[in-house]
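This is the structure, below, for whatever I ask next.
Here the chain labels run A, B, C, D, E and F in written order, and each chain numbers its own residues starting at 1.
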Amino acid sequence: MLRPSLRKNNQMRPVSMETAVNKSAEGSCLIKMGGTHVLCTASVDFAQPTWKRLQNKTGGWVTAEYAMLPRANGMRKTRDAIAKDHRSAEISRLIGRALRSVVDMEKLGRHTITIDCDVIQADGGTRTASVTGGFVAMAMAVKWLMDNGHLRENPIRENVAAISAGLWNGELILDLDYEEDCNAEMDANFVVAESGRFIEVQSTGEQHPFEKSQLSEIMDMAAGGVQKLIALQKQVLE
Amino acid sequence: MLRPSLRKNNQMRPVSMETAVNKSAEGSCLIKMGGTHVLCTASVDFAQPTWKRLQNKTGGWVTAEYAMLPRANGMRKTRDAIAKDHRSAEISRLIGRALRSVVDMEKLGRHTITIDCDVIQADGGTRTASVTGGFVAMAMAVKWLMDNGHLRENPIRENVAAISAGLWNGELILDLDYEEDCNAEMDANFVVAESGRFIEVQSTGEQHPFEKSQLSEIMDMAAGGVQKLIALQKQVLE
Amino acid sequence: MLRPSLRKNNQMRPVSMETAVNKSAEGSCLIKMGGTHVLCTASVDFAQPTWKRLQNKTGGWVTAEYAMLPRANGMRKTRDAIAKDHRSAEISRLIGRALRSVVDMEKLGRHTITIDCDVIQADGGTRTASVTGGFVAMAMAVKWLMDNGHLRENPIRENVAAISAGLWNGELILDLDYEEDCNAEMDANFVVAESGRFIEVQSTGEQHPFEKSQLSEIMDMAAGGVQKLIALQKQVLE
Amino acid sequence: MLRPSLRKNNQMRPVSMETAVNKSAEGSCLIKMGGTHVLCTASVDFAQPTWKRLQNKTGGWVTAEYAMLPRANGMRKTRDAIAKDHRSAEISRLIGRALRSVVDMEKLGRHTITIDCDVIQADGGTRTASVTGGFVAMAMAVKWLMDNGHLRENPIRENVAAISAGLWNGELILDLDYEEDCNAEMDANFVVAESGRFIEVQSTGEQHPFEKSQLSEIMDMAAGGVQKLIALQKQVLE
Amino acid sequence: MLRPSLRKNNQMRPVSMETAVNKSAEGSCLIKMGGTHVLCTASVDFAQPTWKRLQNKTGGWVTAEYAMLPRANGMRKTRDAIAKDHRSAEISRLIGRALRSVVDMEKLGRHTITIDCDVIQADGGTRTASVTGGFVAMAMAVKWLMDNGHLRENPIRENVAAISAGLWNGELILDLDYEEDCNAEMDANFVVAESGRFIEVQSTGEQHPFEKSQLSEIMDMAAGGVQKLIALQKQVLE
Amino acid sequence: MLRPSLRKNNQMRPVSMETAVNKSAEGSCLIKMGGTHVLCTASVDFAQPTWKRLQNKTGGWVTAEYAMLPRANGMRKTRDAIAKDHRSAEISRLIGRALRSVVDMEKLGRHTITIDCDVIQADGGTRTASVTGGFVAMAMAVKWLMDNGHLRENPIRENVAAISAGLWNGELILDLDYEEDCNAEMDANFVVAESGRFIEVQSTGEQHPFEKSQLSEIMDMAAGGVQKLIALQKQVLE
């Protein structure tokens, strides 16, 4: 049975990453995965976050904030609802963990990089697009720090990207759009490093519990997709 | 003395208005005036706002919300600060008044159109760009209502646009960018209708009180600029 | 046609300003313009505001806060609604700009003067009454600073006051009360200095766009009214 | 030993109650007890409070809200701090209980009366002044309801007023001003009905626990003071 | 007439106090008075509270926070409602005053002890149980400070406990449970020290004003109950 | 190398589940896993949640709220910080998904069951203990609904429980306590149904990316632990 998007099971949507889309930010990337568009900016602060300074820790920090614009979806969402949205806070935490996983905080020095991921248009997979595009913005900010003499050594160990996958009508499919996501039996998000190791696996079968073997199969599919995304990251960062 | 932007005193920055930039919204426009970029979306609600219904009033309503993205400026602004920003609320009210001034609320029927103006990048004149681009988004939403049989008659009476002007180094200049705005002696915003009449005049000389004659002269300059913006609105709405 | 208040077009309501109405505040003034009563207090803080100190700026600051008491109007307003009222925040900003425009911040030294304008009873023109009465409270606080040896030189350059005017039934009228304001075609507020120059012009014709010539005429009427208010300020400050 | 105010131990400060000080409110009273000035307004709502309607209860309700203006005290208090002030909420609850205690809710019908007590100037005893002045505002609102044909029978059973008393330097004293209150060993507030019975006794000896006999003696003193306040209430309500 | 609980008028419910119920807290006590269960923990902070430090005061502080768990009552209360509950804030202030009344703040040194009283199950008298159980937690924390060499002298002057009493069906009864409390004509809470002196008397007759003699009688009953509670405190603190 | 708790790698802490610990709630369970104590209550509402009713959906709903008491941890957390804690909101969502996964919403009818999980004492694994104990409270509430004639058929399809596991010092270990959790290289939580299928897998290697094979092995260990927890659930629910 064909998936609603008519794509093959392991086929991702067309992806583009446009860099330097914000003249103020130290790094920025507008990532489009099909109808999902996320504007990612990286802002450098020449200080540790307060909590780290108070604990007398060394090194820097990377943090992320994810939010929807009011009309990113079919129904307009009020700004009040956006501000209190726990789902966004949960996604912000995921993006932060993902990006920190490939950065050596000691080498980053006493800098904080904040990645803002604002969803301009949503069509499924906004959190994974944010990780992938956020990495590009972060890498540009790190380059800016090095080019301007604030860092000697690149603190980024390897690239990282993310993709969604799921079980739809009994089939394992990659990079679900909104319509597919709504009807998926199981829904999973994978953050994978360039080295092929996993940073984060989040898999939920609220409607339909899943077998261990299904998770295993879907992890392979996701790992393949991520490598393509990382190749594109490298290309736009040249 | 040359203005910092090297433009002539009555010269606006390059303007572009891209429409249909959001596939969900009933109307949308990305307006760029030099380095100021504002994403305007129009969302149609098939109901009056609550306050109007409770007062048993007839007709529809147009309202606007203006906000900055965290890194629209040189310094990142926290989302908390954005949510509580009274300046944004004041600008939202201005945009709403400006757009309502050209709409016949009875002809709009029991619909509410919400215009979201999200500043992607700020370089002075964000509120006036929001009025100008917001009109385009609103006009598209009205056309969508008519095309889909929800309205018989166009409730928009005429176009409206806005521009800033000010007194800089003793010279009257049009369409100030951020650097010019910071050093202006007097700062004014004008909302002008296609018919040449004024909807809103806001002029403030906190640093340097101004003469009545100066306001008079600057109003002519602004009226000229607005007519050019309205011509471009008409072109992109064709 | 007679205006509802039966006043002549350029006639203001009876005005009174009672000073020293609060035994704690460094300056205070209860201003009554007809049925509009505003209690203005000036509070001196022997420090710069935080934002100014953090930017290593010199000099002092003047700021204002405007609020309605719950039953200032015909309908009681909840305190929650008052606390979140964006209109009040907008008016607070206007009052602050108006009062700062006549103060030399360097001569004020490292002091912050906060003007609280609490509307006891509202009948139109509360924001302009707040500017006029707020000036009296501020001038008293400045005198207190000088009398107590905290300032050597008076930082106030000239007096400032404000008045509303508008277009009602095709007639230009001064100092609108609530009933007149509700039915005005155009509504404007003017902050004018003793020298006759303008600090702030806010004119809005949401219902009926207006001609440049109308604004010109109304500015003359407002300037005349303000001079009378300033004369009264001087009298009560003796 | 003389108390700081030089008053006799059972001597209250000069009291005045000015009525009809707000042209919108159905009842209003500006009460002054020495340097403590409280503006009390009564607002009638032609409906039960929501919680009562949802529980299908009959009858009306009386509620109160107490707040300080920012500069009521020697130090200016921010409006944010005022909005979150738990002490004010506690006092609001006390005033509400006090006023409800003398009203027959069935006879009040489906009306809600809200008493706002805004402290213009504070010098000790603001909560008790609020009860005493709030009663006057409430009684006027009830009279308004009767005069306008909304009520047939007076729901007020008897007058109620309140006074503070305390232990200062080992002496029992009545109606403490701020300076006396700060140094009191024990601080008590009494709400007493015209019939001499007690509605509320709040007595706290955080610094110095007190004997039962002391409370007994102070209750007599307070009951005497309240009768004088009730006499004045009756006079101004004529 | 028998009270609903079938207890004698001056009979308290079965009481138990279990200590050391929290392995992190410096002191903790789970107090059960019949169906009312309150978990009290004492947390030591090695610093004065900010307000005391800013005022350059010496000595320590004791403060309390009281809250209900969502399902402590028959109806679940939302966490939002709990966070904004003014009744809880009022009770927190009462508990704090009660516990501070028996502590010598100078001897406590620059420590802050925070007593959290979380109501696990509510059946009337939660505030008085919180005072009684909170004292046990505080006393344990003080002992911990002494045992660990942070204090040389015990700053606690004497024990303190609290009990409710009221007028039900014309009878004076002790330690009201929820059902009795709902139908009481008068409701009072008493905080009493080991020495028999009173710290706090709060008596309210919103429904039925009460006579001075009734308060006198009920104070004796409460004082008797408190001595039994203090005896139990001493036993569990051994 | 021995784990800090001296347990074997696949050995859970001592577990107990005490039921009916709250006399008001329709179901309740105090679960203790070593030093982690969570009080779970189930509250039945005889209505659908608002969002479901507005969408005209049939069936009921299960939702969960998770929170820490202020002194559940070694450091006291302020109630303000608790109320705004995004981590708690994220965990609440996880618990809700886990419990809903085993309930047939149609068979539940128009009822909402809210599970409150309040952490009395925290020592690692609070979210998984909340799922396990929350299931017991939910099952009791369902039984209550059936016993009282509100439901004919049991809507619970099977039991569900959860456990944490992780990579510590290169070893895969089960049921991490706080000390182990702080030093884990990889940290994972598993929600598993009685049938052995997985409801949720959350695995994060922020510090150390992990191999697919490691996740596979740890899933087996977790599945074994969950079966023991489910056996205990069945025992206490008899």
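Operating definition for what follows: a residue touches a chain if its C-beta (ideal position, glycine included) is under 8 Å from a C-beta of that chain, and two chains touch if they have at least 3 such contacts.
Computed from a prediction, not measured in an experiment: that's the story for all the values here.
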- Message: Touching both subunit A and subunit F, which chains are there?
- Response: none
- Rotation in the CA alignment of subunit B with subunit F, degrees, nearest 5: 120
- Item | Distance-maximising chain from subunit B - centres being C-alpha averages | E
- For the copies subunit C and subunit D, give the interface type as same if over half of its residue numbers appear on both sides, and as different if under half do. same
- Message: From the mean C-alpha coordinate of subunit B to that of subunit E, what's the distance rounded to whole Å?
- Response: 59
- Task: Between subunit D and subunit E, tell me the centre distance in angstrom, where each centre is the average of that chain's C-alpha atoms.
- Result: 27
- When the C-alpha atoms of subunit C and subunit E are each averaged to a single point, how far apart are the two points in Å? 51
- Query: Should the pattern of chain-chain touching be classed as line, ring, star, complete or other?
  - Reply: ring
- In what order do you meet the chains if you trace the ring from subunit D in the direction of subunit E? D, E, F, A, B, C
- For subunit C, which residues count as touching subunit D in their complex? 22-25, 28, 35, 39, 41, 43, 45, 65, 67, 69-74, 76, 79, 83, 114, 116, 118, 120-121
- Listed in rising order, subunit D residues that touch subunit E in their complex are 86-87, 89-90, 92-93, 97, 100-101, 193, 195, 197-207, 209-212, 215-216, 219-220, 223
